[in-house]
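Chains: A, B, C, D, E and F, in written order; residue numbering restarts at 1 for each.
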Amino acid sequence: MRIAYIDPVGPKGAYYFIKNELERFVDQGNNVDFFCLKRGPDNLEYRYYEALIIPDLIHLLLDLEGKGYDAAIIGCFFDPGLDVAKEMLTKMIVVGVAEASLIIAKTLGESISIIVGREKHIPKCIEVIKTKGIEGKITSIQSLGYKVNDMANNSVISELIEKKALEAITNDLADVIVLGCTLEVGHYEELQQKLNIPVIDPVVASLKYAEFLVEIKNTCKWFPSKKYAYERPLEEDIISQRIKELFYY
Amino acid sequence: MRIAYIDPVGPKGAYYFIKNELERFVDQGNNVDFFCLKRGPDNLEYRYYEALIIPDLIHLLLDLEGKGYDAAIIGCFFDPGLDVAKEMLTKMIVVGVAEASLIIAKTLGESISIIVGREKHIPKCIEVIKTKGIEGKITSIQSLGYKVNDMANNSVISELIEKKALEAITNDLADVIVLGCTLEVGHYEELQQKLNIPVIDPVVASLKYAEFLVEIKNTCKWFPSKKYAYERPLEEDIISQRIKELFYY
Amino acid sequence: MRIAYIDPVGPKGAYYFIKNELERFVDQGNNVDFFCLKRGPDNLEYRYYEALIIPDLIHLLLDLEGKGYDAAIIGCFFDPGLDVAKEMLTKMIVVGVAEASLIIAKTLGESISIIVGREKHIPKCIEVIKTKGIEGKITSIQSLGYKVNDMANNSVISELIEKKALEAITNDLADVIVLGCTLEVGHYEELQQKLNIPVIDPVVASLKYAEFLVEIKNTCKWFPSKKYAYERPLEEDIISQRIKELFYY
Amino acid sequence: MRIAYIDPVGPKGAYYFIKNELERFVDQGNNVDFFCLKRGPDNLEYRYYEALIIPDLIHLLLDLEGKGYDAAIIGCFFDPGLDVAKEMLTKMIVVGVAEASLIIAKTLGESISIIVGREKHIPKCIEVIKTKGIEGKITSIQSLGYKVNDMANNSVISELIEKKALEAITNDLADVIVLGCTLEVGHYEELQQKLNIPVIDPVVASLKYAEFLVEIKNTCKWFPSKKYAYERPLEEDIISQRIKELFYY
Amino acid sequence: MRIAYIDPVGPKGAYYFIKNELERFVDQGNNVDFFCLKRGPDNLEYRYYEALIIPDLIHLLLDLEGKGYDAAIIGCFFDPGLDVAKEMLTKMIVVGVAEASLIIAKTLGESISIIVGREKHIPKCIEVIKTKGIEGKITSIQSLGYKVNDMANNSVISELIEKKALEAITNDLADVIVLGCTLEVGHYEELQQKLNIPVIDPVVASLKYAEFLVEIKNTCKWFPSKKYAYERPLEEDIISQRIKELFYY
Amino acid sequence: MRIAYIDPVGPKGAYYFIKNELERFVDQGNNVDFFCLKRGPDNLEYRYYEALIIPDLIHLLLDLEGKGYDAAIIGCFFDPGLDVAKEMLTKMIVVGVAEASLIIAKTLGESISIIVGREKHIPKCIEVIKTKGIEGKITSIQSLGYKVNDMANNSVISELIEKKALEAITNDLADVIVLGCTLEVGHYEELQQKLNIPVIDPVVASLKYAEFLVEIKNTCKWFPSKKYAYERPLEEDIISQRIKELFYY
């Protein structure tokens, strides 16, 4: 099984530490490749930055599908372009890190607290949860007060996440903690051991969920429905509109 | 007051009939200009097409803001890029046709029925309503069974809208009808007279709401909050990321 | 355009400072008159007081409609009698200050905090929001701990509102503040400048929204639906029931 | 125990058949008196008519409280003035027919269908349910297509209710039927026997619930909280405002 | 009227103080008997313990029905087996202490706070409220931090409940307090007097509600619907499955 | 990996066809064993039957955990005892067929229709969905009008499911169909091919989800949180209460 993990930012923003983590957790026999975009900002904290990268992201996904990848992961907790990808892809599985993390969390407890980078992320996070129809059981969203780019390779972050997680457990009665940013990668195991409740790392969660969705696609032919929400434009329509010439970078 | 109406599709998809309608309804003394995008598909029925045009749409909005426009209207009932625009713009008002139509409709009745082009549009329409926090009072979404492009200049559409509106009134007890596609423009007055309940045309509604928002911006300094949800990236950050060079078309 | 602002209390409770504020903000060419009721308590903090004044309020509205007013504003944040007025009026626009404020606020941000006079007002305020179907996006209701009548001409109030607004911004992540009582009039501009987020004054908001609704009534013939929720009793039925003789004061 | 049932309409609208029904069902040893208002329309189908009668209704309730009644029932399915009464009364229990019927219905099944007079009543009924926080389990509201006044002494009504109830059972999977108008009185027993599911008559339900609330008031001192929502205006304030002189009829 | 109160724990867990309380509050002429189960844990804090006792509880209820009891109360705030009992019983009324307490509380105020034993109980309590469709108006659930068994005959508990109730009143604007555990019995009268708002004791509430439901069953033939949710298995099916032989203890 | 599938009925009700299906779909290298209960009714259509079997089911699960199984599936669409099992188990994964099916369905489309056996199942199904916090996106529940036991080995069922699924697609705009009963096993592949949208078989879905949860337990140590909702009773408490002696069959 070939899986692509896309850090949907430009080359300067790509956080290669994620690659190590993916390799640690990928199922034996499977292969995971790390990608970023050819152009793009170094973070997706802003709706603008997110909007900018979605077309390239979709085109990269279509390209990976053509190259025979079994699944691709969109590596940002806002799941940018996830619904677009479900509409466009016809063979390759696509996974959003938020969707994967929250689905797993729901199975593990009755109240979930999400820890995001900073307050700016909270309204967007609420919107993501609402549009996915998974708002049930989510009890609070905590903020670390850190910009995404300041979280990478930052030794303080681990302690801060722990502090916020403890608050979520005590005040919001959280059964499960979800780390609400891929830049919080690398902390979950230590934290989980300390807190003694499940701590979901979105990078790892999405990798395992991708493997699962490929497995059920292969075994059961379960693949996103193309009926209504994800009905795809006809290929001939895309060609006649000259989308490739006009929009591919 | 200078207002821009953007039909967020490529030149081939632009529906110039809308221009006439805008000129009929614009407030005396105000000016409304019709724009479409330099490139783009001829409809936004698909999430992919919508994602493709948002960057150019935002850049056009920034350009119009620079040129001194007071307001711009995003002329598609999915309000593509509306939240992105609220994040990026600092002087110019931006209006989405769905937001404007539904806000007006809420003031006019207790139960609202939206009539969209075809079933494909319904899940997207539900998502738009949910993310805007205006799902209250919306009682049904009816579908005409027509592709967006087949609705323009189509004499059958008027009758079909009437039929669906009557069903919404009888079965769903609709107090108000909202025409859920800008391509349904030109029918509301006749329909309103026949049905004897308010029928909201999204093109006209957005124009009047834009005039209103400019008025309260000028008089009361009310403008979208830049605090959390619409916090803007710093200009220097945009420059250092070379967004203009990389993403402007 | 002739607009009536009704402070729906007896003459002793009328807060004439509102009149000045209305005159400052009314559109050039429009006219706004300030009314109070011939009889009534000096505040509407209690459901009883509110119930007492609604009949006289409706009759005043009908009278103003007869005299050719284009719009009338019900100047209390509980929007007393607003739905009754929408049922009875057939030509004149009616606006509630809560409805107007919250609709504007929704356009300006993703999370709204309302600052009311005291805790007694909160359950009523929640009820108003729920029955209007605009509960989405409202993140908190803060209380000043002041009786309505003690807020007029009170120099302490401004500071207190600021304090509560800051709490709402910090704790509830409010993008927008709505002043939840017409007696908080006169503070919004200073506050807005200090806080650097939109602060909605309900008096001003309702005036501008009234102008807008008259504009769209005149231009687009959009007026509250008389179909179901606001179906009006027949005039002959009102006459045969001798309502005028029995209930007019 | 002395209970007052108030048909909150003018003398011409009072439906004395209700009196018989009350006497059939009142607990042995208790006493129930039938009242209507001194003035008022003959129905409360309109928000205007409802608003008109609430002040007189509250004053009658205060009068009955002074005369030592243990409870009073507001005999209209919109529960007009119920919250006002809970605010003003300090000794006498007050019951709304909708609140009583729906509370009982909730105990008896998982899905409830309400059968109202005509479509005009439905938005008001939805509003009543929402403001009471009892919307859970209510599965549908069916309409008979009859004006309130045309339902009294009407032999066709019984059959029509049965027809609508059967539809509610088959299509909406109703476990319980609630008759959503006091003018549907007199039909429930026959209907209940035929349908073999609980059919709640609002007149009878409110009588029994009133007896219950008096019982728990006497035994347990449970009486509506005067803390926040139902905090009462001070008697001296009412006097100084000359409410009695100005508003009593 | 013969009423059975079941403390659904084994003999060692039965809290006989409840018996005294029941006898103090039972209606003159009625009779209330206290039962516990022949086997069972001494508390139902765990879902496992609750699941264990439900079969015996149902069989005891069926036995009591056979012996002519008019009503039975399930004496645990999670209302274990209440829906099962409504399905199985055909003559005897069954009451859950949570359902009874919350229904009464809803009539008495607009915002209700529940005080449970410890945090473990909160997710279960939320689930109970949601499945009963009575989540409206419930504003908070406070925890005492005590195990159920440590609350019996504990002089500290009274003060602790008062402290938590005061917090609920101040912070959550509670109009009404509901004691969310039958082991909190014996405190409500003193507390109610001190706090001056209604405090609902679940034991007493369920007793009075049981008397009420028996009364309306006898007078109005209102009994849980056997149509859909509570459709009962056929007696012959129960016999042919040898349920009695296999499952009765 | 050793997985146990439990058909939680007595030996007579066990549907061995499920065993074949499990063996067809189990991952190579994994092992799945089919179990039923030593005693029990032949269906769980009634809340009573469901309540009866839960204790034995939990004890079987504890036994399987002791024997080293990695996961167990509770094979009934009401997920009986699932939360109890999450509380009691400390090493073995437990999966409910409804939870597994609906989580997968959510990933595959925006609107899901569930097809259950008969109307009796619908209120229970709604309750299951609500308590799991996964009600979002579920658009309808269709009923076949068949008792569970009449669905096994019934050639008519396949056609009937197809008919209902087509109705759900046309009327409810279902993107995905979930077969809401394990007795509908064996039909999904043909149906999926005909309908060209995902059709989720609950037996197969739960098997694959169980494999996934074991995988992430082993790799990531993610296991249901024992913090609040699923806090387990202490082993010594279970022993001192003599649960084993009193409740094991």
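Following the convention adopted for this analysis, a contact is a pair of C-beta atoms (placed from the backbone, for glycine too) under 8 Å apart; a residue touches a chain by one contact, two chains touch by 3 or more.
The shown structure was predicted, so the numbers you read here are calculated from the model rather than taken from an experiment.
Ranked by how far their CA centres sit from the centre of subunit B, the chains are topped by E.
Seen from the Cα centre of subunit C, the chain whose own Cα centre is farthest off is F. Taking each chain's centre as the average of its CA atoms, subunit C and subunit D sit 30 Å apart.
Subunit F has its Cα centroid 53 Å from the Cα centroid of subunit C. Subunit D and subunit F have Cα centroids separated by 45 Å.
Subunit B has residues 110-111, 119, 122-123, 127, 173, 175, 228-230 in contact with two or more other chains. If the chains shown are joined wherever they touch, the resulting network has some other arrangement, not a path, ring, star or complete graph. Contact between chains, using the touch rule, shows up for A-B, A-C, A-E, A-F, B-C, B-D, B-F, C-D, C-E, D-E, D-F, E-F. If you check the complex, the residues on subunit F that touch subunit B are 110-111, 173, 175. Against subunit F, the residues of subunit A that register as touching in their complex are 25, 27, 99, 103-104, 106-111, 132-137, 169, 173-176, 188-189, 192, 196-198, 200-201, 204-205, 208-209, 211-213, 215-216, 219-230.
The residues of subunit D lying in touch with subunit B in their complex are 119, 122-123, 126-127. Across the complex, subunit A meets subunit B through its residues 10, 39-42, 45-52, 54-55, 58, 81, 83-84, 87-88, 119-120, 122-124, 127, 130-131, 228-233, 237, 241, 243, 246-247.
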